[in-house]
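Which chain is which? They are A, B, C, D and E, in the order written, and residues in each are numbered from 1.
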Amino acid sequence: MSTFNGNGQSIPKIGFYICHCGHNIASMVDVDKVQKYTASLPGVTVSRDYKYMCSDPGQELIQKDIKEFGLNRIVVASCSPLLHEHTFRVATEKAGLNPYFFHMVNIRENVSWVTGDKEAATDKAIDLVRAAIQRVFFHKPLVKKEVPINPDVLILGGGIAGIHAALTIANAGKKVYLVEREPTIGGHMAMFDKTFPTLDCAACILTPKMSAVKNHPNITLWSYSEVEKIEGFVGNYRATIKRKPRYVIEELCVGCMDCIDACIYKEAKYPDEFNLGMSKRKPIYIPFPQATPQVVLFDPDTCIDFKSHRCKKTCIEACDRDAIDLKQTAKYEEINIGSVILATGFKTYDAKFAPQYGYGRFPNVFTSLELERMVNASGPTSGEVLTKEGKKPKSVGIVHCVGSRDEKSNKWCSKVCCMYSLKLAHLIKEHTGAEVYNFYIDMRTPGKGYEEFYDKLMNEGVHFIRGRVAEVTDWALAAEEENKLTIRVEDTLVGVVRRIPVDMVVLSVGLEPREDASDVRRMFNISCSNEGFFLERHPKLAPVSTFTDGIFIAGACQGPKDIPDSVAQAGAAAAEVLSLICAGTIELEPNTASITEEFCSGCKSCIPLCPYSAISFKEDTKKAYINEALCKGCGTCVAACPSGSIIQNLFEDEQIFGEIEGLLRFAGIDLAGSETKGKELEHA
Amino acid sequence: MPEKPKIAFYWCASCGGCEESVVDLAEDILMVADAVDIVFWPVAMDFKKTDVETMEDGSILATMLNGAIRTSEQEEMARLIRRKSKILIAYGSCAHMGGIPALANEFERSEILKYAYEDAPSVINSQHTYPEAVYQDKSRKITLPVFRNIVRTLDQVVDVDYYLPGCPPTPKLLKQAVLTLLSGKLPPKGTVLAPDSALCEECPRKESKPADLSFEHFTRPHMILSDPEKCLLAQGLICMGPATRAGCEALCINGNMPCSGCFGPTSRVKDQGAKILSSICSNIEAKTEIAIDRVLDEIPDPVGTFYRYGLAASMLRKKIAEEV
Amino acid sequence: MDRSKLAESFALDNTATDIIEIKRRIKYENELDKGFRKKIAESAHGEKLYGCIQCGTCSAACPVSHYMDYTPRKIIQMVREGFKTEVLNSSTVWLCASCYACTVECPKGIKITDVMYALKREAISGGYKHKNFPASVLASNFFSQVLNNGRNSEGPLLLKIYLKTNPFMLFKNMMLGFKLWRRGRISMKTEHIKDKKALKKLLQSMDNMKEAAVI
Amino acid sequence: MKYIYYPGCSLKSTGKLYEESLLAVFRALNIDYVELNDWNCCGATAYMAIDEDKAFVLAARNLALAEEQLKGEEEVNIVAPCSACYMVLLKTQKYLKENPADMRKVQTALYESGLAYRGKARIRHPLDVFINDLGEKEISKAIKKPLTGLRVVPYYGCQTVRPYSTFEDQRNPVSMDRLFKAAGAEIVDWTMKTRCCGASLTGTIQEVALPLSYVILHEAKKRRADVITTACSLCQFNLECYQTDIDKKFKTDLKIDVLYFTQLLGLALGIPPVELGIQRLFSAPDNVFKILEGGDHVYV
Amino acid sequence: MPEENINKKWEPKIIAFFCNWCTYTAADLAGVSRLKYAPNVKVIRLMCSGRVDPQFILQSLASGADGVLIGGCHPGDCHYSEGNYKMLRRFRLLQRVLRSMGVEDERVRLEWISASEGEKVKTVINEMVDTIRKLGPLGLPGKISVYDKDLAELKNEIDTEIEVDIKPSGKEMVEHA
């Protein structure tokens, strides 16, 4: 039996409210029974049920009761505290009661939605409510904790999402650090030729934004850089950025490319990353003509001087600005920021993992990204669509859903493939006049102007065959199949298996999380969804927030997205960041731990446990001390304090013990000395 | 001349050390003897149960009862004494938390009897003879007290007013307790008459404990030559000091032995063993299950280590067995 | 390779179109067996077949789908919707060679081969016989042989099947059999395990358990 | 390590040459094996069509026997060379693992007939053993007559890799490629590696099955392969024994050697052809012998 | 009384301690996804699995729970970087203690469930409820009360409850001076 020793507080007068949540709770939990049961518990002054507790009238109900009955504890049984705890705390506070006298019981996500039997659900709800009632006896008034927000922002990833977010925030007059891993910003979008459905040129709309980033006084662009470390908390983060050596002094280089011409390799010899290996570059290069910043860089793996130190270094001679520094090492920048936007993008599915489509085995099987480069005027074929033999294909098959909608690779629909396949079909037809076949499972074209684009393509005479391709082979059964790639597919609309010989196969590869998404996630202390994309705080109501305050996500790092969606999300993330900055301060959960100095024996057991170094040993008193500003409220030290001298606000031992007892039975609480006899409850 | 307050001492399941500790008061015992009348003290003076029974209820000011409760006779005596005393003090670890005798709660009654009467190396008992609970001989009927299946603390049997912890309590604490009783200024009921912080507070080796201690290995006193100056935990010895109430003035540590927890937990802790376990484990270096287990293997008897004195008072109290 | 030879074996079966049949092509709800899909899903380990997206990969991966009256994809849909009679009378299940290509390729993890097995079991126990396909006879004979002897004896098995189904085939394969026999690759001896008793007991226990489950 | 050799029915009849060559190769490579005592038919594919429970218990009996036979050993490895046996045993093991209720049923039934199945046995294909336990290095060391210049198309068939194989990519297996590369052969890459040969349909519906075998033979021929190597008795049987029928039906003259991979490996290891059951083939593998100079033409 | 309950219709009672960031969120996800699972597990939300004091687990068992489930973030994923490791270490030793005290290993379970694993919440809970159902009730309060029966019997025999006049909290005793 627990004893309620008052702590100088008034005798608890509990107000209990159970929410129907429309039918969400009431259809599975006998709300009336719970309400009546709770009314019978000692300490409970008011017990009510209401259709929607989170609505204004619902909140007013609580406030009215607080004033009328002098309630000093509020328990609401409704949805998850992660959803509405804040709402009810604010309501409680408005009625003049300390908001931390409020406690929430989750009978929707934890009960009504997950239980199939009404009686069982009602019993479970009763148990949870009883636990909460017993818990609030031990609640104490707490003071809210506020911290200032540093207005500087770190944005990770210089694709279209990162660029857009950076410009939006910088235009609002706030300082932005844009960190990009590659030598240039632009991301995947810079690789595209045209964008669907408008078919406007990707470079024409992207390049102005890229140079705006470069020239913006509020943006510090660090390309070829990575975040090494981040610590702190919302409003007060500290990050270390590693700037990888380019072996070229960025501030001096003007991108004249004289050094590239002067390189002792007269011919470009090494696979060019930007063109996915379909063209060659030199050891000193610039990724593509519009690269931002316009700065060359060395590839130490291929440059002779790095390998043998015996190069004539014609590049250095050629540079009249002395911008080349082969001894350059990584540089580390430390910055203080208040919030972060992660816009780290995606990678495409590696078609080698679908060997039935012959990528890597048959030279004329390409990925869609390779084709994007191929149709691009500045690409490896200068915009010509050519087979490996250098001929224009007479027929091309576009295989949808490669690495999407497949349990063996990625379960999800990559969302953009249908549309970009249509775009590629159009461009291929335009460039070559070939017969183009689209093999699709379902055509997904929701979006402004997307369905119209599909209509247009059908009218252009592109073949649409509904069926997922089983294999791409080189064995021939008929004369027309000799020396071609044969696609074997069921035309499901006819119900017949077809063999279609083509000259070129394009695999519409799906979108995946980047390989290091999980490292980034760990560094920034956020979650990933099952498939590995960053997890938003709420799929509908907080799509760009994460479970870590001050860290936001935008673009395809959160899930497959096309350009308009990425830009929209980037704008949303920028707005969230600006709203945080404009508020100036942020309220933190006062769930910090503190040490009662009188009781602490100075055993130092807790000190090494704190991941934030919030606990220190005070030499003058020989006791441990918690710096509340650093404490994030995990409670590990509380659980480990061998003499029970640390308490955690909102999660005090007594409160948890109360909850445990209450879940199992109502143990009875010694109300200000007068003992309430424990009673076994028999609702079961 | 007003009557001197009456004091009694009694023992239940205990080793006798607590009785010894009363004598350890040395010359101070004279001061006590001066101030009070000792009306019942079976170890030192010849009293009979009937003597107590004839006393008026509540006529004894205070009884210091040591030892845990295992038999029906002990229960009976505890009740009797409770009735006769205004204040009942659980004296020493056994009465306070079960003490060493309560380690028997790790076994079943049947196992204990079997070991004692059959399996112990010094026993030859081919007839499987066991003590008979009731012996009927023509007209006479002799009974043995019932040997319960669980060892209890004193407060699990009768209402206890105060606790004097320790195995045994130190003379200093006893003297303080007697003086408090005589002063009439009584602390709240249920108080443990010792400081309410952990032993590290008064440990002479406190300074030598590093602030970033993490455990890679555990060892035991007989396995190493321990440094007489350095914190024992820092040497890998399991010292219960951080989870044990102060007041003994680090007697064991001064003897270069780790604290084994006889003073019990502080008032804020319900289960001493659980707390020290939590504290020590949290600071283990290893991160994988295998590596953690390897370190934990170096604590051969966790119950005996963390609940050496506190098993009867612990949350689980007794090993769960089918036979009840 | 000249194409006409292949066309002969791979062309769609056009013979059916020769006679224009007037056939009702509408299905009424009362003609469907609503419990069919559950039965098959349970029998085929898992209810993944409910998740079929009708992509047709199974049909395209199948080496014999072009002979089937319904492609495997259609069979899955028909099972889902309760077209019991059509499914159990179709040639599809009997043409399945258990090559598992469909199972490996299926993007939704449907064990199509197991579905085919479940349908075979259903057809055999329901007395649906496809006269063109002796596969069910092969299976039953094979099974009873193994139940009795613990081993399969290819020679006697084939002999029995040909006699039962198509004595003409026997004649046709005589030469092959003779060649095999000469090379010691086939014998007319019946193979069996030593401990036939234990085997019987084993199977008996299995039966008992099944009965227990029914009761 | 000792392997339990589980022959299965076909290795005792039509696949006799598979057994002979496999065991000869085992001996040549010092692989310690012992035949499973009193094994029974695995159930092959036909069972699943009649009574699944019985099919599982029959397969499990073999696994239990193997565990019994190697009692006390740390690992129990069952080598199942017939791809149908291999697949059925794997399927049984996997299924029982995933369905504890059925596992209990099977265990009870086995117990009642004096056996215990603990799920300890590992089911292995000989290819798995050669590549993963022995390794290419060991194999190439043991090669006495390298297959230099011989164009080999490895044909895996269906059930060696599909759908449960634990040692291979189900769409593009490579173990046989690696094996013969180690033996010095030239490997012909193709996409027919796992395409169905017609399997048991040859026995029942020849008009469906023969074209399937034909396509495989035709593609191999087109790629100028000297020999097709197989790892399944049904594949070998279909591709070899029906060649005359195929030639007749499609008016071709294929004449391509179809050997068990163990036969070809055996030849490379210098094992006399008779011990490898070469004489049991319908026609002498002339292409192979031509390239492996000095090989005798053993043909009955 | 407890025995009666057992005979009537015993249902496993399991208390779960879920960390706010991963497992509690996963449980919310299970709810949002409308996954149905056994109602026997009741969740107490803590900020981190590192907050789980072994006392909470013992108290739960002692107060009548038949099992305790602890859910935290996967190793390396802790919102507070290492709280889950601390819990893991305590758990490994606590399990040894519980084993010597006759509590089966299966009754206390530690699971790593990330925010996206709603499905895992369901499987773990259903599995655990099943396991505990098979193990039967732990019924600790009942077992202790059986021990205490003989205490009560004796009490009736030899004495009646007496009222002792104790005046605590520093008030002076009047009786002697």
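Here, a contact is a pair of C-beta atoms (placed from the backbone, for glycine too) under 8 Å apart; a residue touches a chain by one contact, two chains touch by 3 or more.
In this text the structure is predicted, and so the values were computed from the model without any measurement.
Common partners of subunit D and subunit E, by the touch rule above, are A.
Counting only chains that touch, the fewest steps needed to get from subunit B to subunit D is 2. Comparing mean CA positions across the assembly, the chain most remote from subunit B is C. Remark: among chain pairs A-D and A-C, A-C carries the greater number of C-beta contacts. For this pair, subunit C with subunit D, the centres built from the Cα atoms lie 23 Å apart.
Averaged Cα coordinates give subunit B a centre that lies 27 Å from the centre of subunit E.
The centroid of the Cα atoms in subunit C and the matching centroid in subunit E are 54 Å apart. Mean C-alpha positions place subunit B and subunit C at a centre distance of 77 Å. Among all residues of subunit B, those that touch two or more other chains are 269-270, 275, 278, 280, 282. Residue numbers of subunit A whose C-beta contacts span two or more other chains: 356, 471, 477, 609, 636, 639-640, 653, 657. Counting only residues that touch two or more partner chains, subunit D has 171, 222.
Interchain contacts (touch definition given at top) occur between A-B, A-C, A-D, A-E, B-E, C-D. Listing the residues of subunit D that touch subunit A in their complex gives 169, 171-172, 189-192, 215, 219, 222. Those residues of subunit E that touch subunit B in the complex are listed here as 50, 53-55, 57-59, 61-62, 75, 85-86, 88-90, 92-94, 96-97, 100-103, 138, 140, 143-144, 146-147, 150-151, 154-155, 158-159, 162, 164-173, 175-177.
Chain contact summary for the complex, subunit A toward subunit C: residues 356, 401, 405-408, 441-442, 466-471, 476-479, 488-492, 495-497. For subunit D in complex with subunit C, the residues that touch the partner chain are 9-10, 12-17, 38-41, 43-54, 57-58, 61, 87, 95, 99, 105-106, 108-110, 112-115, 158-159, 162-163, 170-171, 194-196, 198-201, 203-212, 214, 218, 222, 241-242, 249-252, 279-282, 300. Partner subunit D is touched in their complex by these residues of subunit C: 1, 5-6, 9-10, 43, 45, 63-64, 67, 95, 97-101, 103-104, 111, 113-114, 117, 120-121, 124, 132-136, 138-140, 142-143, 146-147, 150-155, 158, 161, 169, 176, 179-180, 182-187, 191, 193-195, 198-199, 201-203, 205-206, 209-210.
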